[in-house]
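Next come two complexes, and both contain subunit A; in the first it sits with subunit B, in the second with subunit C.
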Partner chain A sequence: MKSFLTLLAALLALCALGFLLGSYESDVYRKLLLWIALGLSFNFLFGISGQVAFSHFVFLGFGAYWVAISLVHWDLPLAVAIASGLLVAAVAAAMIAIPSTRLEGPYLALATLALGQLFLLGIASGRDLTGGDSGLGGYSLPPILGFTVKGPWYTACIVLMLGLTYVILDRLDRSSFGRACRAIRDNQTAAQAMGINAPRTKVIAFTITSVLASLAGIFYAFVDNLVAPGAFSLESMFILLFMVIVGGTGRQLGAIIGVVVLYMAPFFIEPLIGHYHFMAFGALVVILIIYKPNGLVSMFDPILKRRRMAALEKAQL
Partner chain B sequence: MQDFFELIVSGFASGCLYSLMGLSFLLVMRPTGVVNFAVGQYAMLGGFAAVAVMTTILIPPIALPYVPGLLVVLALMALLGAAVEWIAVKPLVDRGAPPVASMLSLLGVLIVLLEVGARFGGTEALPTEPPFGFRRVEFGPFAGTPQSLFTIAVTLVIFAAVWLFFERTLWGRAFEAVSLDRRAAQLMGVNLRLVTVSAFASSAVVAGLVGVLISGTTGAYYQVGMALTVQGFTALVVGGVGRVDGALLGGVLLGLLEALVMRYLPVSSSMTLAVPLVVLLAFLVLRPHGLLANRGGH
Partner chain C sequence: MIAAPLLSVRGLTKRFGGLLAVDELDFDLSAGEVLAVIGPNGAGKSTTFGLVCGAIQRSAGEIILKGARLDGLPPHEVARRGVFRTFQHNMAFKGMSLVDNVLIGAHRRFKGSLFGVVAGFGADTERAERQRAIELARFVGLGDWLDADIATLSFGQGRLLEIARALAGEPKVLLLDEPGAGLTPSESVRLFAIIKEIAARGVAVLLIEHDMHFLMPLADRVVVLNFGRKIAEGTPAEIRADPEVVEAYLGNIAKDSTGAGAAHAAG
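Coming up: the complex of A and B.
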């Protein structure tokens, strides 16, 4: 109950922040929220389930393009567009995951990287359907139940989506499924010896996180009312991976910290070092993997531990 | 028909480059188990280094002839490979971290190298003159540019040398021993540090050579790295991961396939990379062990 109230308060605070910001700031803010949602689901896929997959942005892009194409070309109602998008994403993710679970580490990485590059090539040569390199625009969020949702109210919708993503992943992480994922990540043979169905667990983890990425993509489509291939490039995928590693692989809080730090960093270090932030991220990742493999979040561990001990003592009294 | 034979030669030549990229992966993978996706960036940097050292474009005062220039570039690449190992891999191996940690830290290196290349060489493709001129060499029904023939010859020599090294020299056997069992090899007196450093250095040299060869045909460009990484890895997967001869076979087949598809199928030239991508996915899903069977031990 307490954790539920904490979450509710956090979401309300995030919504409230949306009403305080100006138009440029709230654009940055909405994208930050979407990156956090992506970071959370990628953290589950990469950090908890141990699958080094470069396909996360494919599903983000798929969700965004599906909704845009549904509205522009197919004239579908919004609810149908969203539902069908998530359904197709789930089927596609499962179809990709079933053969890929046989692949380990670097093979999965390169297979999903290839998938991402093919997706980009497909978009770029999609002519009228996808708008090619310049992207697809000229649509807007249809009225929902008669209300036109825009500005901070749309930010609130994104906060809601982020909250949903967080709750789903948190529940999964704390369930036997989450523990099975971690067991497979740490030692697949041992996990299977304990009776865990490793392929099935991996497929489910890949499918759920990919659908969550598509969900984020659907919300992304209405941030700029434009979807273009540049947003789903390999560079973004690398940055997402770096965010999770920098924050702390395998921990929800770590993913959030990593996304916020790396997303906000360019705004602060750009005046100091110019356009070298991507290079700096690469160097930071090398340094952190070597010297702080548990990420930035591990710096807070002594504080968290002290609080937990204090709570325990209180409970004993 | 003449067109077809010329296509075979040029496809074979680009296939040789993919084989060399596969070899670059393999040189590190076999002894250490680490997959280094940054090899494509070595090739990109090798291309820019060649332009810098051999022409007056990037560093005007220096314009060495081809052979000394090549040696300088390859020496620089060896230093780079050793430095990357020392900075990004050694601390992890010392700590006993799993190979995937090294793979991730090398992804950080990949981005650093990519950005360094883009700053040093710029984001426009640098046109370079082919070092052996624009002539056309004919032999029987085949014909090709001197650059293609040079590429093919260099590749075959390197693969023969690598094969001889692994099969016929004590040093090569030491590499093999390390790839089979690091601990046992160390107990038998193999110097693990030396093997690891020379694996990373030679991998960078081979990839850098690919960059030099490419810069002689299509010019040096900061984005060739990722494509070469994909093509090299595909060559490995097609031929059979872990085998030197597999890398050669896979690369050449891929190069020929790419040339034939681009020539005879109605696909736009922007889709060139789709060929290795589709081949890679098909092999990983349908035949992950490649065409040649695995030698075991891996």
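Coming up: the complex of A and C.
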């Protein structure tokens, strides 16, 4: 109950912030929220399930393109576009996962890297369907139940999506499923000897996190009302990987911290040193990893430990 | 043994290329019984464990648990049917808490669907199993280490954690791969009592162990392997008196005054 209220307060605060920002800040803010949602689901896939997969932006892009194409070319109602998008994403993810989660270590990484390139190639050469290199635009969010959702109200929708993503992943993480994912990550042989079906668990984790990425993609489609290949590049994928590692691999709070710090960093670095900010960004990542190898979130570990000990003592009284 | 055996192994054979690692092995194991598998290094003891648990696929033979075939099943299915193991080398889940490590053993007891989990059900099961895991950790003597980082546990504590984790699955058959190796004398005494208690609760225990002083008073029966073949089977007293066993295995221990030390050094 207490954690539910904390979450509710956090979501309300995030919504309220959306109403205070100007239009440029709002755009940055919405993308930050989407990056956080992506960071959370990628953290579950990479940090908790231990799958080194670079397909997360493929599924983000898939969701975004699916909903855009549905509106522009197919004239589908929004609800149908979203539902079908998530369904197709789930089927596609499972089809990719079933053969590729049997690959271990670098092979899964290589297979999903190839998938990423294939996806970019596909949307760049999709002619009218995808709009090619310049992307697909000229659509907007249809009215929802008669209301035109825009401005901070759309930001609130993104906050809601982020909250849903957080709750789903948090509950999975705290369940026997999340434990099984971590066990496979730490020692697959031992996990299987304890009754865990490793291939099945990996496929489910891959599918759920990929569908959540597609869900974020659907919301991304209406941020600029334009979807273009540039947003789904492998460069973004690696930045997401850095964010999760810098924040604290395998921890939800770590993913959030990592995304916020690395997403905001360029906005502070660029005015200082201009064009070279990418080099400074790289240096920052390296320094943070050396300084906090278990992630920035580990700064809070002493506090968390003290709290846990207090709870334990209270339970024993 | 009057009762029908819980686990039966018949004609179990494993070839690695030209090498016969396990050759036409037969043995039975009943509920509540402690059966030890001994033999020199390379005799096929660990391979036998791997075969029973499904980690290694057999070349020939049958493994039967309560009348149902286990052979050919993947390891997680073998575990789901109640056959759990510990590993010769500690295989803790290093990124997880001690209690979570134990809870992994209880995995087959969580029945809820993922939709149920996301909807917020299953908290009661989680709480009950967590409490049980804590009790198991206390049972093996890790009660003071519940909140410890797994990496800080001693080797012996890691062995005990392996046992607690396997017990969490409520095994019918428990396979212990050299549980006593590397334990301090006091840990060893505790382990002895733990295994006795596990068997007294009706679990069939299959044990690989080099330390004869530890094993002889513990085992109800002993199977001796050499070059993958069973060369003897009987009570500890019978095995000790068997000339072939003394020749193949026990002899080199008898020559050494420290006994168990020689076996450990060889391992």
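One rule holds for everything that comes next: the second predicted complex is superposed on the first by the 289 of 317 C-alpha atoms of A that agree within 3 Å, B and C clash if a C-alpha of one lies under 4 Å from a C-alpha of the other, contacts with A are read in each partner's own complex, and residues count from 1 in each chain.
One rule holds for everything that comes next: a contact is a pair of C-beta atoms (placed from the backbone, for glycine too) under 8 Å apart; a residue touches a chain by one contact, two chains touch by 3 or more.
The model shown is predicted, which means the values in this text are computed figures rather than measured ones.
Of the two partner chains placed by the overlay, neither subunit B nor subunit C lies in contact with A:Met299.
By the touch criterion defined above, A:Met95 lies against neither subunit B nor subunit C after alignment on the C-alpha atoms of chain A.
In the superposition on chain A, no contact is made by A:Ala83 with either subunit B or subunit C.
Judged by the touch definition given at the top, the superposed model places A:Met264 against neither subunit B nor subunit C. Of the two partner chains placed by superposition, only subunit C is touched by A:Arg308; subunit B is not. By the document's definition of touching, of the two partners only subunit B reaches A:Gly282; subunit C does not.
Once the two complexes are laid over each other on the shared chain, residue contacts for A:Ala13 go to neither subunit B nor subunit C. Across the two superposed structures, the residue set of subunit A contacted by subunit B and also by subunit C is empty. Across the complex, subunit A is touched by residues 53, 55, 74-76, 79-80, 84-85, 87, 91-96, 100, 103-108, 110, 112, 114, 117-118, 120, 122, 126, 146-147, 165-166, 169 of subunit C. Residues 35, 37, 87-88, 91-92, 97, 99-101, 103-105, 107-112, 114-116, 119, 226, 230, 233, 237, 268, 270-271, 273-274, 276-278, 280-281, 284-285, 288 of subunit B are the ones that touch subunit A when the two sit in their complex. Those residues of subunit A that touch subunit C in the shared complex are 167-168, 171-172, 174-177, 179-180, 182-183, 185-187, 189-198, 204, 208, 250, 308-309, 312. Residue ranges on subunit A touching subunit B, taken from their complex, read 52, 99-100, 102-103, 105-107, 109-111, 113-115, 117-118, 121, 124-125, 234, 238, 241-242, 245, 276, 278-279, 281-286, 289-290, 293.
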